[in-house]
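Inspection log for the structure reproduced underneath, given as C-alpha cells.
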C-alpha cells in the first residue's frame, strides 16, 4: 500500500472515529444535541440543504465573487507591482506600507464599506479585492525583482528596446511568481468573502451558515459549516496542484 | 434588661427587613432593537421602581433583533428574550428550543412604515407596482407586513431583503431600492428634514390588528426552576406598560433622553404605539401565524392549533 | 535610465535615496488626504458616508476623551489576550506531535489545512451555542483563530529540527513531556515567535469580528452601535482606533521579538 493511500485512509478512519465518539456522547446525554448536532443528522441535513437550493447556487455565487475580486485584483495589482519594480524609488518608498497592509486586518473596516456601498455584492467583492490585491502587488514586484540579471544582460546585448526587454524577457520570467501571487490572492479573496457573507447575511455560502443559525436549524448549520471547510480545502489543494502543473521546473 | 432585649429585637428586625430589601432576584433579559418605544418598557419600569417593588433586579442585554435575542436565551445567557418575531419563535420551539411564549409583545404593525426619497415619483403604495420595496429578513414581521400591504393595495412591488434599519437606509438613499422599512424613531430626522417621505404604514392594513407579530419568550429552565421570579417579572412588565400609558409626559421625556432625540420626535413615536397594540395578552391570530410559519418553512409540518397552545405557550402571569 | 529600471539593485547615493523616499511617502499621504476631502465635499456620495476629515478628527478626539471607550477597550483586550493564550498553548500542544510523528502528521494534514483555511468567523454560532453570547464566545473564537496558524507553524518548526537532537533526547529516555520542554521547544524558538505573531494577529481579527456580529461590549460592539444609529464620523473614529491598535500591537510584537 502506498504511503499516500495509507495516510489518506488513516485520516478518514480518524474522522470516522471522532464522528462515532461524538454520536455516542450526544446520545448518552453528556453533550446536548442543541449545541452539537449528532453527526448522524448531517447527511439528512445536507440533503435538505441541497433540495432547498442552498448548496449549488450559493457555492457558485461565492466562487463567482472570489473570481471577480481576484480578476479586479489582477487588473489593478499586476500593473501596480510592475510599476513598483520599474520605478525603484516608488518600490522602496511603498514597500513597508504594503508589507504592513498585508498584515493589517482590512476586513475589520467592513462597516465603513457597508455604509458607502450598502449591503450588497459591492461590499463583499470590494473586501475580497482588498484582500487579494496586496499579495498580488507584492508577488508581482518580487517576481520582476527576481528575474535573473543574466537574462536581461543578454537581451541588452541584442540591442532590444526597453519595451521589448520587458515583453520578451522580464515578463515571461516573472509569470510563474505572478501566478503564485494570483493563487494566494484567490484564496484570500475566497476566505474573506465567505467571512463577509456570514457577517452581513448576504450572498452565498457564508450567508447560509448565518441563516441556518438564526432559523435554529442546527444540523443544517453544521452541514453548511462543514461544506465551507471542504470547499476551502478543495480550493487550496486544487490551486496548489494547478501551480505545480504549470511550473514544469 | 428589657431595653437591651427590645433593642436586640429591633436590630434583628431591621436587619431582616434590610436583608429582604437587598435580596432582589436577578433576572437577565435579552431585548432586541435597543431604545424602541415598545422595547423601552422595561427600562421605564426599572426607572419608576416597579420591578424593585416586585423584588426583581433586571439586567438588560440589548441585541440587534429577534433571532439574536432568542439565541441568548437558548444558550442560557439570558432568562427572557423580549420582542421576537413570532414566526421565528414558532420555528425554534418546533425544533426543540427550550423556550415558551410568555406574552405578546406587539400586535398589529402600527409602528412599521415605509419611506422613499423626497425626489421619488412614488406618492403612495399604489405607485409601487414593479418598484423595489425592502423588508428585513425572509419570514420576519416586516416581510409579512410588506406582503400584506402589497395584497391590500393590489400592487406587485419587487420585495427585497434589505437587512436592518441602517442597511435599508443606505440602500434607499443611494438609490439601490425605492422604498425602505423603518420603525420610530429611526429616520424621523430625515422626515423632518424633508429628505424622505412616508408612503405606507402598518396601520394601512386593518386586518393586521388581529395578528400578534412579536412575542416575549422565556427559557424553560427559568420557568420551571424559578417560576415565582418569572411570575413577578411578568407582573412587573405588565405594570410598567400600565405606568407608561398612565404617565405619558414622563415616559416621552425618558424616551427622548434615552435615544437622544427631540421631545417632538419622542411624542410622535408615542403616538404611533396605541396601548392596545402592546398589550401583553392575549396573543392573537395564532391560526394565521401557524399557517404563515408553515408557508415560510419555519415549521416543517403543520401544527394543529390545539397542540400549538400546549407547545408554545406558558403564561406564567396573565393580568385580568 | 535603462540601467536604473532594469537593475533595481543599483547602489544609488544613500542620502539621495533616503530623501526621495520620504518625499514620495509624504506626497502620497497628502494626495490621499486631499482626495478624501474632495470626495467628501463633492456630493457624489450621499449623506456624509465619507465625512470631511474635520468631522472624523473631532469624532476621534471625542472618542479618546470618553471613559466609555476605555471600558470597551478593556473588554476587547481581555478577550484577545485570554483567547490568544489559550489558542497558542493548544496550538503548540497539538503542533508538536503533528510535526514529530510523520505518519500522524500526514494523515491529519488535509483536515488541518481545511479548517485552517476556512474563515474562523463561521464557527461563531457553534462557539455561541457552547459558551453563550457573552465574553466566553469571543475568547473562544480568538483562541480558535490563533490555534491554527500556531499549530501549523509549530509542526513545520518541529519537522525542521535537527534529528540529532531528537535522537539525543530519545537516548536519554525522556518522557514525552520532557521531550517537549527540553528538546522540541528550545530548538523551535524562531518558529514559535512567528507563530505568536501570526496567531495574535488572527486572534485580534477573530475577536473583533465576533464582537461586531454579536456582542454587548468591546470595541467591535461600539463600532456597530454607531453603525446602527448612523453616526458615521463616530464609526470611522472607532474603526481607525481599532486599526491603529491592531497594527500597533503587531508592530510592537515584531520589534520585541526580532526574527533572529
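Should a chain be cited, it is by its letter among A, B and C, assigned in written order, with residues numbered from 1 in that chain.
As a working rule, contacts are C-beta pairs under 8 Å (C-beta built on N, C-alpha and C of every residue); 3 or more make two chains touch, one makes a residue touch a chain.
As the structure is a prediction and not an experimental result, all values here were calculated from the model.
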Just grab the chain with the largest centre-to-centre distance to chain C, centres being mean Cα coordinates.
B
Could you tell me between which two chains the number of C-beta pairs in contact is largest?
A-C
Where the CA atoms of chain A average out and where those of chain B average out, how many Å apart are those spots?
41
Dist(centroid_CA(chain A), centroid_CA(chain C)) in Å evaluates to 17
Chain C residues touching 2+ other chains are 45, 49, 129-130, 224, 227
Multi-chain contacts in chain A, i.e. residues touching at least two other chains, fall at 34, 114-115, 213, 218
Which residues of chain B are in contact with two or more other chains?
68, 71, 74, 166, 170, 174
List of chain B residues in touch with chain A within their complex
67-68, 70-71, 74, 88, 91-92, 95-98, 137, 139, 162-163, 166-167, 170-171, 174, 176, 297-298
Contact set on chain A toward chain C in their complex
3, 6-8, 10-11, 14-15, 34-36, 85-94, 97, 100, 103-105, 107-109, 111-112, 114-116, 145, 149, 152, 156, 162, 165, 170, 187, 191-192, 194-195, 198-199, 206, 209-210, 213, 218, 221-222, 225, 228-230, 232-233, 235-237
The answer for chain C against chain B in the complex is residues 45-47, 49, 128-134, 214, 216, 224, 227-230
Could you pull out which chain B residues touch chain C in their complex?
30, 61-64, 68, 71-72, 74-78, 164-166, 169-170, 173-174
Residues on chain C engaged by chain A in the complex (per definition of touch):
2, 4-8, 10, 17, 20-21, 24-25, 28, 45, 49-50, 103-104, 106-111, 113-115, 117-119, 121-126, 129-130, 201, 204-205, 208-209, 212-213, 223-224, 227, 232, 235-236, 239, 242-243, 246-247, 250-251
